[in-house]
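For clarity, chains are labelled A, B, C and D in written order, and residue numbers in each chain start from 1.
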Amino acid sequence: MTKLTTLHDAIKEYVHDGDLLYASGFTHLIPFAAGHEIIRQGVKELTLARATPDLIYDQMVAAGCAKKVIFSYIGNPGVGSLREVRAAIESGKLDFEEYSHFSMISRLQAGASGLPFMPMKQTGARDLEKQNPNFQRVADPYSGEEVVVVPPLKPDVAIVHVQRADSQGNAHVWGILGEQRLAAFASQHVIMTAEEIVDESVIRSDPNRTLIPGLVVDAVCHVPFCAHPSYTQGYHDRDNEFYLAWDEISQTKETLQAYLKEWVYDLPDRNAYWEKLGPEVHQRLRAGERFSQPVNYGEY
Amino acid sequence: MTKLTTLHDAIKEYVHDGDLLYASGFTHLIPFAAGHEIIRQGVKELTLARATPDLIYDQMVAAGCAKKVIFSYIGNPGVGSLREVRAAIESGKLDFEEYSHFSMISRLQAGASGLPFMPMKQTGARDLEKQNPNFQRVADPYSGEEVVVVPPLKPDVAIVHVQRADSQGNAHVWGILGEQRLAAFASQHVIMTAEEIVDESVIRSDPNRTLIPGLVVDAVCHVPFCAHPSYTQGYHDRDNEFYLAWDEISQTKETLQAYLKEWVYDLPDRNAYWEKLGPEVHQRLRAGERFSQPVNYGEY
Amino acid sequence: MDKLTYNPKELMVVNAARLLRDGDVVFVGVGIPNLACNLAMRTHAPNLQMIYEAGVIGAQPSRLPLSIGDPSLVTGALSVCSMVDIFTLYLQRGNVDVGFLGGAQIDQFGNINATVIGDYQNPKVRLPGSGGSMEIAGWANRCYIITPHQKRRFPAKVDFQTSIGFLDGGDARAKTGVRGGGPEAVVTDLGILKPDENGELVLAALHPGVDFEKVQENTGWALKQVQNCPVTDPPLQDELRILREELDPQRIYI
Amino acid sequence: MDKLTYNPKELMVVNAARLLRDGDVVFVGVGIPNLACNLAMRTHAPNLQMIYEAGVIGAQPSRLPLSIGDPSLVTGALSVCSMVDIFTLYLQRGNVDVGFLGGAQIDQFGNINATVIGDYQNPKVRLPGSGGSMEIAGWANRCYIITPHQKRRFPAKVDFQTSIGFLDGGDARAKTGVRGGGPEAVVTDLGILKPDENGELVLAALHPGVDFEKVQENTGWALKQVQNCPVTDPPLQDELRILREELDPQRIYI
């Protein structure tokens, strides 16, 4: 029984008003197409969790999808500020819950591992601990010293973009791995978008590369270029010009809403978006070829 | 500066009387050649830690190398009992410290992660907890419920066998991964044996396959067929006939010591051992070819 | 092939296979549980998903695996991960529906001993120990135990609780806070035992030609039985054919 | 090329590079720390090992990485792992010798604020937050801070301790039980500050042509200086050539 469906239908079925959503991918494989589809469907009151909200959550906050963000770094990576999220926090219009990178992903690790908490060594810094009651301390029973602990994060739904998957959601992922795998295992439901849908035999040719197994995946959507303006290793480059441009676009409500209208609301799907970017952008973002050397699993 | 050396020299330099040793590999990649070299060098008073002691520790205990074993399953996998270790424990001649598989590898995880303990959910079973004071409990600060915790395991030296490595110890590993990677990161020193030494460019062609980085490795030894009678995925099969034969060999002190004389003490190294096994065994253990499909990392 | 002739191991495999549900995610060992899973997959449960504690998901072995880490489990599998991952992301997280267990002793409340006969510090017989069974018994959503039915294997109380069933019965298991549901059935060569509402193993079915007295003789406590204790359907010709011709043609385990 | 002409950023990169030791394992960010590491590798520290928080070990980027997750860091790297692995197996485990830090405010005891100007709940300016810097500051064996020298960046006390230096000085840092050694130097465009035995940042070197008064003017506390405060060697022609021609020919960061 295939899990293949359209991104439209997957979002409709698994993303609901008020959900806790984790759109995963650390700088790499960020599922922008899914964010845009959520905006188009007008989902509201989401709690948006991501280590780095990046432009995807800036856009979703601007579109009114969110009531809260959970994060560990709100910047436009390599560029500067993330204007919408920052303004919404400064003005008190958006709830937020803040971590450091490691305490954030430790929450996912606890969620993915079925643990009630994950310990981490002290960092000495206590100001964030004082502001966020989710940080607790427990005594190490061996030395008596305190460690910091964080509770599990268990999103209602995770969205993960992968390079190639079969129709059951068994997925090969390579390049920067971020918190992708933990997000999938921590969440109640998983929507997978894939650059390529491949035959099961391709997946089975390299089982050590399968970081997300179909058994935790609910829906598989074939969405090439899903990650633009972030990137998909081996498929297309990061569109750094757009990251720079966003700093301009997001300076005023008008330019921002005009962007959303032109590039999200007025387009039916990612195909239309990619076509609209045009051949020059396609050309600029092309990834060349540098293949892995094969390994022999052996025939036994 | 290369880390390439002979297994003889690596054992001489990094394995000392009284050390805590972790020869890693869960059913796969068990570094038998290193165990034999330790026996030949007459190292004494070792504490031998492994989830499954397997035949390698049975042989080392029989040779008088050990004062203690730390384990979670002492059987001859798929065959039955592990006679030497079992007899030494039953007669009180060998200290031991016992875990379940998960609590054992959780100790390695704590050691590899720099944590003072790792939590695990309760299993309800308390008899082992009562016998081993390393099991402790701490209260989950969120629910008040207790979790079981174990302290870090930090071996003096880990031995890891890998499929291919460069001269710095950056290693590609595939097939069953067991606790290989954690053992390397948890230990003070790491001796790596490799089926093949390859150029750095082979490793760099597929960085996601590099599970052990050279920066934690002290010595790299080129030792083909190091894992026999266990196996190396894609290079040779498990010698199940030997696992069955061991059940016979280890029935008496005489047959056992005769085996050690013939196959360990009287041979200089693994090359001699492999040659002595002869062409019929080589033929029987040959792995056929089943290659992974490549992935594109892209040229940026 | 005579469909009415079968041996005790075949009987256990067939009855264990029938307990599996289509779509179950199963934590499999080698030997009889592996045969039971593969039989279920080829009959009523084509969507069974098999996981091995060595870290293999969705194996398609080209031969009968002889050890839990057989290389044929890896070649052509869907996914391979580390041991920590298999125990955390799959088992502890609650992604495993079924675990199979065995041991030297199973007691009245389904507790299992795979550690020691006699005293722990001064053992009469030292057994292999837990391996992964402590966690499987605790964390799989449900467990099945497969074992030959002999009195020494079924004492009223195990010498050592390696992995738990229902402890002393009643709400003792639930009170530990453990996540899984515990043993649902013990499949032997005489019949099937199941826990009653108090967690005590009672006779729930007899295999054809076996009577209650035979089972009681081989059990170390005063055995209860369910009302109108049913008789299991004998192995079908098709089940035996698959088992003998496809799954274990060399008769290594059956 | 005039070897005596250089800009403040080049000055900071060169001085930061000189602090690195051959064989150091360095946790690198993009921008100036990345340039400093690559410069050190091409001069006195050929065996420097660079780690990126995105999970990349031993990158050989074919272009100047513009983000911490640039795909050119991955292609041709020695190893790529998950974020949990990079923070646990490398940083928390103690395998990282050097961390680089920056922030909106650095105070008298080397504590850093990258979180908020004003009150946390009612911010005047909301900054990006910790990212990985809380852990880097705590767990790297030693840290270097690189920042332009301006009074608003060097208050006596930060509004928020995102990541720590020596807290209030004395043994305050050690008493927390944190593993790393803390900041060893702050490299600015005016000179180099280093902690004294009490953990207070004092002027340890002046860049050529800068005097103490200039530094004091741009520092928010009464600055001490080491006896016979030295002057740093000006950037060498070779250092500037590598920087300008090989590492950042488009002058994105310098």
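Here is the rule we use: a residue touches a chain if its C-beta (ideal position, glycine included) is under 8 Å from a C-beta of that chain, and two chains touch if they have at least 3 such contacts.
If you're wondering where the values come from, they're calculated on a predicted model, not measured in any experiment.
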Take subunit C out and leave the rest in place: which chains still touch each other in groups? one piece
Any chain touching subunit B and subunit D at once appears in the list A
B-C versus A-C: which has more C-beta pairs touching? B-C
When centres are defined as mean Cα positions, the distance from subunit C to subunit D in whole Å is 58
Please work out the Cα centroid separation of subunit A and subunit C, and write it as a whole number of Å. 40
In angstrom, rounded to a whole number, how far apart do the mean CA points of subunit B and subunit C lie? 29
Cα centroid separation, subunit A vs subunit B, in Å, comes to 37
Residues touching two or more other chains, restricted to subunit A: which are they? 114-115, 120-121, 145, 174-175, 177, 205, 208, 233, 237, 287, 290, 297-300
Contacts with two or more other chains occur in subunit D at residues 56, 70-71, 74-76, 80, 92, 139, 179
Among all the chains shown, which pairs meet the touch rule set out at the top? A-B, A-C, A-D, B-C, B-D
Under the definition above, what is the set of subunit B residues touching subunit A in their complex? 114-121, 136-143, 145, 147, 149, 151, 163, 172, 174-175, 177, 202, 205-206, 208-209, 233-235, 237, 287-300
Along subunit C, where are the residues that touch subunit A in the complex? 25, 47, 49, 56-58, 60-63, 70-72, 74-80, 88-89, 92-95, 139, 179
Along subunit B, where are the residues that touch subunit D in the complex? 1, 112-115, 170, 185, 200, 203-205, 207-208, 210-211, 213-216, 297-300
Residues of subunit A that touch subunit D when the two form their complex: 26-28, 51-52, 71-75, 77-78, 81-82, 86, 89-90, 92, 98-103, 105-106, 109, 120-128, 131, 145-146, 174-182, 231, 233, 237-238, 240, 243, 287, 290
Within their complex, subunit D touches subunit A through residues 30, 53-56, 66-71, 73-76, 80-84, 87, 91-92, 115, 120-123, 125-126, 128-135, 137-139, 160-164, 167, 173, 176-179
